[in-house]
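Chain naming follows the written order as A, B, C and D, and within any one chain the residues start at number 1.
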Amino acid sequence: MNFDAEFFRCFLKHASTEIQKNERLLTDLDSEIGDSDFGVNISRGFRALDKDLNSNEIWKLLDEAGKTIMEEASGTFGTLFGSMLVAMGRISKGKKELTINELKRMFEEAIKTVEELGGAKRGQKTFLDVLYPFTENLEEKGQVETVLNRALKAAEEGMNSTKNMVATIGRASYYGENSRGHLDPGAVAMYLILKGIKDCLK
Amino acid sequence: MNKPGEEVREMLEGLVMAFPELIELDPKYNNIYRKYRKKDKVAIITGGGSGHEPAYGGFVGYGMLDAAIAGAVFTSPSTMQIYQAMKTVATEKGVLSVIMNYTGDKINFKAAMKLAEDDSIKTELVISNDDVALKDKQMRRGTTITVLAHKIAGAAAEEGMEIAEVKRIAQKVIDNGRDIGVALTPCSVPAAGKYSFELKEDEIEFGIGIHGEPGVQRIKYVPSAELAKIMVDKLVEDLNVKKGDEIIAVVQGTGGTPYMEKLVFYRDVMNYLNGLGLKTYASWVGEFLTSIEMQGTRVAILKVDEEMKRLFSAPALTPVVKTIPMASTVMS
Amino acid sequence: MNKPGEEVREMLEGLVMAFPELIELDPKYNNIYRKYRKKDKVAIITGGGSGHEPAYGGFVGYGMLDAAIAGAVFTSPSTMQIYQAMKTVATEKGVLSVIMNYTGDKINFKAAMKLAEDDSIKTELVISNDDVALKDKQMRRGTTITVLAHKIAGAAAEEGMEIAEVKRIAQKVIDNGRDIGVALTPCSVPAAGKYSFELKEDEIEFGIGIHGEPGVQRIKYVPSAELAKIMVDKLVEDLNVKKGDEIIAVVQGTGGTPYMEKLVFYRDVMNYLNGLGLKTYASWVGEFLTSIEMQGTRVAILKVDEEMKRLFSAPALTPVVKTIPMASTVMS
Amino acid sequence: MNFDAEFFRCFLKHASTEIQKNERLLTDLDSEIGDSDFGVNISRGFRALDKDLNSNEIWKLLDEAGKTIMEEASGTFGTLFGSMLVAMGRISKGKKELTINELKRMFEEAIKTVEELGGAKRGQKTFLDVLYPFTENLEEKGQVETVLNRALKAAEEGMNSTKNMVATIGRASYYGENSRGHLDPGAVAMYLILKGIKDCLK
């Protein structure tokens, strides 16, 4: 199967639900190695999305969602995640449906944008440590559902792997060695966002 | 203060009330724009957290900035705020952002540039890292030289140069400028409601950041002239300027510094620079990039060439910087 | 600071280093003189304790003061210092002293006038008492309106008026001006090494003097807009200005006040004055007559007539006040 | 006998000696109801006088002494006392010798100057409370020595009378009721200054 506007609308809605449901958890995680604004911030961003998901063009859906998130959740995560959605939209302009290969390209573009803007790399304890394994596991071979499940599994492992990392970028890096032993709030959020994907397959 | 969270907007309202001929405010985004913008020049913008007044709203106007984007106190402005400013001031020649080296500011300006590029706006970015307190150049924070870059690149833009040229000049200012700061008292962030560090009566926080970040070293209180020597030495060594070189010097208080201390310290810095045989082409004394009510001082020097001198002395009309060039010819 | 007791001279050296084209220093007497003085105008001088910078050295120059005489911090200058200034700037038209209502200053200026009169120098004295904090007009201290008197009488002198006229105009400014100050923190006098009063975090010292003398009342912390109302009401009532009257407003920090608070408060004062239907002909915002590093604010209003408006807008060129009149005619 | 330049030179020298001898006492008195600078200040002023007393003209002697005191002792007392000497000089210009009547006129002029500059009146606890009785007792009748002794007696009583007064002018007035019970330092200094007069009669 291919991915159309309906799929992305569903994806964003599920993400919104998950994030709002876990607002408290995310803030608590950010209070351990950040500045305690994460849950409140990002769930405000997603709440604003709800009235915004009307377009039937993939790129517009993502572009508008990204901009809304940036407008309403202006912390590091909101900015990077918003920019990532806009970038994903940009490379899918004109397309009505995407193959899984194109979906992978989209996520690669997302990663590139996040790297460019924030300068982070693998293993620095950010949500990139969820995005990398997820994206790498998006392959053409096999059933879409199986592929997505495998990618989500890898994303979950990525999320868990941040627990043992020392943050070397962003606000958590101020905590140095003390950041070890805590899950990265951004990584958790990213996993929650991706998780809904499998419920959006028709 | 009135309502918490409103202080930045109210402050900008005050600034625009005081200089209605020069600047205007977009209250939705807390953006200060130059009034009567030229359509055929590179637009220059900057932004960052508030609490550093008169930076940056005080430098918007003819010959300097087209927009200043104000975040909450010590907090980066948002991507959408910056994007809005880019859209508003964009010209055919493009928009050059000259900002300071702070993570939040960099991410948000870069993200905004991506959005602006989608709108076919030409954008370029220059990041200042003039604070010599930190050894690693990549890590160095942006401070006072940013303002001189605004003045000098602002004049270049006003002359009609293309964006690559204006960017080259802004970068040249950054590369040839250094700054160092000290604090005698900490500063308090309204939102946090606590002081950024503790200092004994007889201690000086050396190499302080503009957000009251603890300095790199704590030194015992020394007389003003000796402090001038220590700070200038640090700049001169890092910048590698020598006897006979021409410089522009900036000596400033950090928000709560009494005039008397500023002026005594300015005297000591100028005397010491003189003694080193450096030629001061021009100097600024006052407050330009402050840290709320912190008591302390910053010194910056910029090694200048003919191009930088010409542009520094070119006309400007902003709330703070009003440059009327000395002309050797009079016509009447 | 370097050597105690030298801070005033060093500070004045700094000021003159920054503005060598406008002013010069007699280091023996700590007197700042206007450079290139006119021989055919009334000379205008002032003086008082230091610690109020940029007053008064910052107001010496074309169109304002011919001399500013600096005492030690918060201490009157001596008779001989003042006498020396009078001899230096005296012209055929005489020397007008426009000073503030403090005992030491009055005694020393009067004593110096007696000495100058022995030398056949024409002298006159105007004493400002614009601070409405105290009920009794005789007791009222001189504050911000003094600076406006220097600007306006300075322009009158520059126009060539005789001393009686210049004195009349200075007195008219004093009579039509009022000032009130508050403090959020005390100030410390270097010599005394202690704070002038104690204040809790949530208290405001209302009716503060410019030497950190305790105010007339201690009030609970109120939002900026409400403080603006309380202070302006006090001025408006005492000065008896009404809807439609034209005024000049000065809103200033007291030395250690952050820009942000100054600008928010300026906004609140201007909004409130507007709401009262008073017409603001012009306004100043910044720092003019400070109290070392005190955090607080002062508001002053001057009810103006055509004469005062004309003279206020006349050209001036001093370290702080640089007035370039708006001309409706251009010749080229 | 009449009063010539020699007399005034002697008077100033004696005053200088007395003040320097009592520097500590004067500072102590000023520390009770003032700012503790009085003795140091005024004795510096008088010390500077010592090299200055060369003129053979009465007015010049007083004028120069007054200006030196003002230059070197710039507190309230120094300024008023210096101005008073200058004023006394001013009205004796051209005269080589003064009668006791002219001496009285001189002190009256001194009082007028102090009143004009400082705005103080009788009973406000200042050195005027010494000058008034002294000057009033300078009469033509009787032997000069007797007259001067009587005037000095009155001056001493004036000095002592300040003890019970409440200061209502100058720095001491900040002490309000608490200024009562302390001698006024300026009054004590003025008495010490005048005291030498009788040793200067030839």
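To be clear about the criterion, contacts are C-beta pairs under 8 Å (C-beta built on N, C-alpha and C of every residue); 3 or more make two chains touch, one makes a residue touch a chain.
Quick caveat: nothing in here was measured; it's all calculated off a predicted structure.
Centre-to-centre, using mean CA coordinates, chain B is 60 Å away from chain D. Mean C-alpha position of chain A lies 89 Å from that of chain D. Chain B and chain C, compared by their mean Cα positions, are separated by 30 Å.
Multi-chain contact residues of chain D (touching two or more other chains) are absent.
Chain contacts: chain B has no residue touching two or more partner chains. If you draw each protein chain as a dot and join the dots that touch, you get a simple line with two loose ends.
Every pair of chains that touch is listed here: A-B, B-C, C-D. Those residues of chain C that touch chain D in the complex are listed here as 76, 78-81, 103-104, 106-108, 110-111, 114-115, 118. Interface residues of chain C, counted against chain B in their complex, comprise 1-3, 7-8, 10-15, 17-18, 50-51, 53-54, 73, 223-225, 255-268, 270, 283, 285, 287, 290, 292-293, 295, 322, 331-332. Listed in rising order, the residues of chain A touching chain B in the complex are 67, 70-71, 74, 76, 79-80, 82-83, 86-87, 90, 113, 116-118, 170.
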